[in-house]
Amino acid sequence: MSKPLISVRGLTKVFGDFTAVDGIDFDVAKGESFGLLGPNGAGKSTTMRILAATSTRTSGTVEILDKDPEKFGPLVRAHLGIVPQEDNLDGELTVTENLYIYGRYFGLSKKFIKAKIEELLEFAQLEEKRDVKVQALSGGMKRRLTIARGLVSEPDILLLDEPTTGLDPQARHILWDRLFRLKEQGVTLVLTTHFMDEAEQLCDRLVVMDKGAIMAEGSPQGLIKEYSSKEVLEVRFGSDRNKEVAPQLAQMCERMETLPDRLLMYTEDGEKLLEQIAAAKMHPTTSLVRRSSLEDVFLRLTGRTLIE
Amino acid sequence: MSAAVDIAEKNKSSAMYAGRPQVLLERGWLAFRSSNWVPVITGFVEPVLFLLAFGYGMGTLVGDVTTGSTTIDYTLFIAPGLLANSAMNGAIYDSTWNVFWKLNESKLYKTMLSTPLGPLDIALGEITWALIRGLVYSLGFLTVVTALGLTPSFWAILAIPAASLVAFGFASFGMAITSFFKTYQQMGFINIVLLPMTLFSGSLYPISVYPDWLEKVIMALPLWHAIEMVRAFWFGNLTSGVLVHIGYFLVMIALGLYVTSRRLRALFLR
Amino acid sequence: MNTGIDVVQIQRFGALYIAAARLRSMAKWKSIIAAVDIGNPLFYLIAVGVGIGVLVEKGSGTSGTSGIKYIAFIAPALLANSAIAAVMDETVFPTIEGFKWRKLFFAQNATPITGRQIALGVYLSALCRALFSVSIYYVLLLAFNVVDFGPSVLLIVVAVLGGAAFGAIILFAAAIIENHDQFFNILGRLVIMPMFLFSGTFFPLSSMPIYLQPIGWVSPLWHATELGREAAFDYGVSTLMVSVHIIFLSVLVVIGLLLSMRQFERRLAK
């Protein structure tokens, strides 16, 4: 295997006496699409900021294209397109001016940027808002502009921190489509997300983080295989009864998660399990059999649901 | 390989500097042209008002002023001092309140530092922008003063580069100080320092009227050096003392740049 | 349900509740307020006493100031100016904060307290702050031997009246503006500064060219200053003019306050 594009070893970040990132290791190969998953406060954004060379680490090593971003910040950042979790557009400027000046920060020529702007405005569906000050944009429009801005410099590595949060379904699909095409062109993607469908769609490989550490690593399918069963049976007995019946049900399946509103039963054959439950004279108010997803992996690893 | 990478490699960018401070000027201009001209107009009107008020009003009370061996009309005396003052105010306005905003509220510098720009690009760019503002104020003021017939000779034009140096010094120092402030209340301290400095530093009267010890204190303050330097060029009194004033400001500029870029790095590249 | 909320009580004293809340929040910055309120007068008194006062005495003596020592001549103006500055700080910032930055007024208005009471409360708390600043100033004037204890105590009343007049108008202005980008700049440089310079502060208004004198006529600072000079030193202001000054300032208070209260109510209802 060729040398990884991004290589992280023992990365640790301490704020005061709080350890936000606790000795993590991972590699990202060129052209790969790599995801960071984890509950709020897991340390995803902190890791992303360190990769982006906008935050220094406490210990460990980071190499991007064989360079330490801390020592070669400007040089490394010239390769990167960054979409931070929080939009940080230039409120005093208009939509086009934001794209323009951002390109200028990279030293790009006016001619290059001018052409690029037209393409990006179309991608971000902001043609009608081109001369509007960004303060006057809606939340989703700002997000789209922030993403477009990250593409101005035609980066070879894109760092996207929760890119689709706040986007409507259409905008989300436009972005996915764009990311697929960028990947085809050999761009490396590193992204965080709270949407498991997005992670399954976009990531070749991902890590699940919790409390600053990596809990698991693999492809979406691999992780599902490793950490979950083939099928899941979701049953509801009403909030009060759920707890009552839980112990009895737990013996009928490989593993069970008790959520406030429902019980998740992990099994190879959901329908068969449901029949067993009926035979035991327990009658759930609702039931659903589905395939295991990344969400189940996530739940198993972090003990928390993602989408409440 | 993308264009951005080519550019970064050609420029031999270091961790602190990408060699591109001028893009901050470009950004300053974009933001400025769509905002409004009120600050420029007010910045220019202020010293003119001072000149009118003190020239007419105080002039009648004070009469002529003697500095060293020369005696001159009061209005003529205060004109160069006010020029230095307006250069300072213009520079301070941009390098303190504006910088405070971009540092703490809009987080603009943080965004810039997530591009290949380095802290020194930002410090240099912002300070130059403040310098240009200071320069514009002083040019406007000089025009009015000339129209009022208060310029002693054509060489008073040399006071403009002197005023630029003043603006540069205060801009750089002001930005360095601002980078330590976190709240609006702390920003209030800037006024607490500026007001007495403006009152005492001899723009409105020669500091020789002070008791000896006070005179010494004033002579340590930057505004006094600013006023004396501008006054020297204004009247064409170029003695070796001017070199001291110039040196004072060069040190101030260097110190300000150094502290600012270190602070930006410490604040945002954490 | 009886929650113990006495609506009648609130309707009667709501403004006082607001004022008390404002005073409590000022107390948080008491060290900065005290530093400014003591530091400012100190600097002015020293700068004038040892600086420009000396020049004036060397120049025209006391002939230009109706026989009054120069520092005593400007003292009533400085006092009124400090009242104006205090009222301005404590009306403009809270109002913009209340409507825009933190939207505190909207929260207060969601209780039985009305917009009118909020306006009045903010105004009253600002007057308290002015009284505080002016009293400190007055004590310093006594300490510097600028005025003698006696009828000059009236200076405090007059200064606060000047602050009240200006404050009522500026409260209205702050409640109107939606976009405050340049508000402080315009206020500071095109209102406060000219008012300070052209209200007969540093020299009699009559020594200005006639076309600049109207600035003084409409300025609360001039009216308060003239009243103060008369109260403290028998400056020679006619009884007629004394009543004109008092009426002018009182009218501003009433009109400004009525307009502000109406504007607060309207804006909160929007």
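Going in written order, the chains are labelled A, B and C, and every chain counts its residues from 1.
Definition applied: a residue touches a chain if its C-beta (ideal position, glycine included) is under 8 Å from a C-beta of that chain, and two chains touch if they have at least 3 such contacts.
The model shown is predicted, which means the values in this text are computed figures rather than measured ones.
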| query | What graph shape do the protein chains here make by touch: line, ring, star, complete or other? | reply | line
| query | Among all chains, which one's averaged Cα position is nearest the averaged Cα position of every protein chain shown? | reply | B
| note | Averaging C-alpha coordinates per chain, one finds the centres of chain A and chain B separated by a number of Å equal to 47
| query | Just curious, how far off is chain C from chain A if you go by their C-alpha centres, in Å? | reply | 56
| said: Taking the mean of the CA coordinates per chain, how far is chain B from chain C in Å? | reply: 30
| request: Give me the residues of chain B that touch two or more other chains. | output: 35
| Interface residues, chain B side, partner chain A - complex | 1-5, 7-9, 11, 13-15, 17-18, 20, 23, 26-27, 30-31, 34-35, 106-108, 110-118, 268-270
| field | In the complex, chain C residues that touch chain B | value | 29, 32, 35-36, 39-40, 43-44, 47, 50-52, 54-56, 59-60, 64-65, 70, 181-182, 185-186, 188-190, 193-194, 197-198, 202-203, 207-209, 212
| Complex interface listing, chain B residues touching chain C | 35-36, 38-39, 42-43, 45-46, 49-50, 52-54, 56-58, 60-65, 185, 188, 192, 195-196, 199-200, 204-205, 207, 209-211, 214
| task | Spell out the residues on chain A that touch chain B in their complex, using ranges where they run on. | result | 52-56, 70-75, 77-79, 82, 84, 88-94, 97, 100-102, 104-109, 112, 133, 153-156
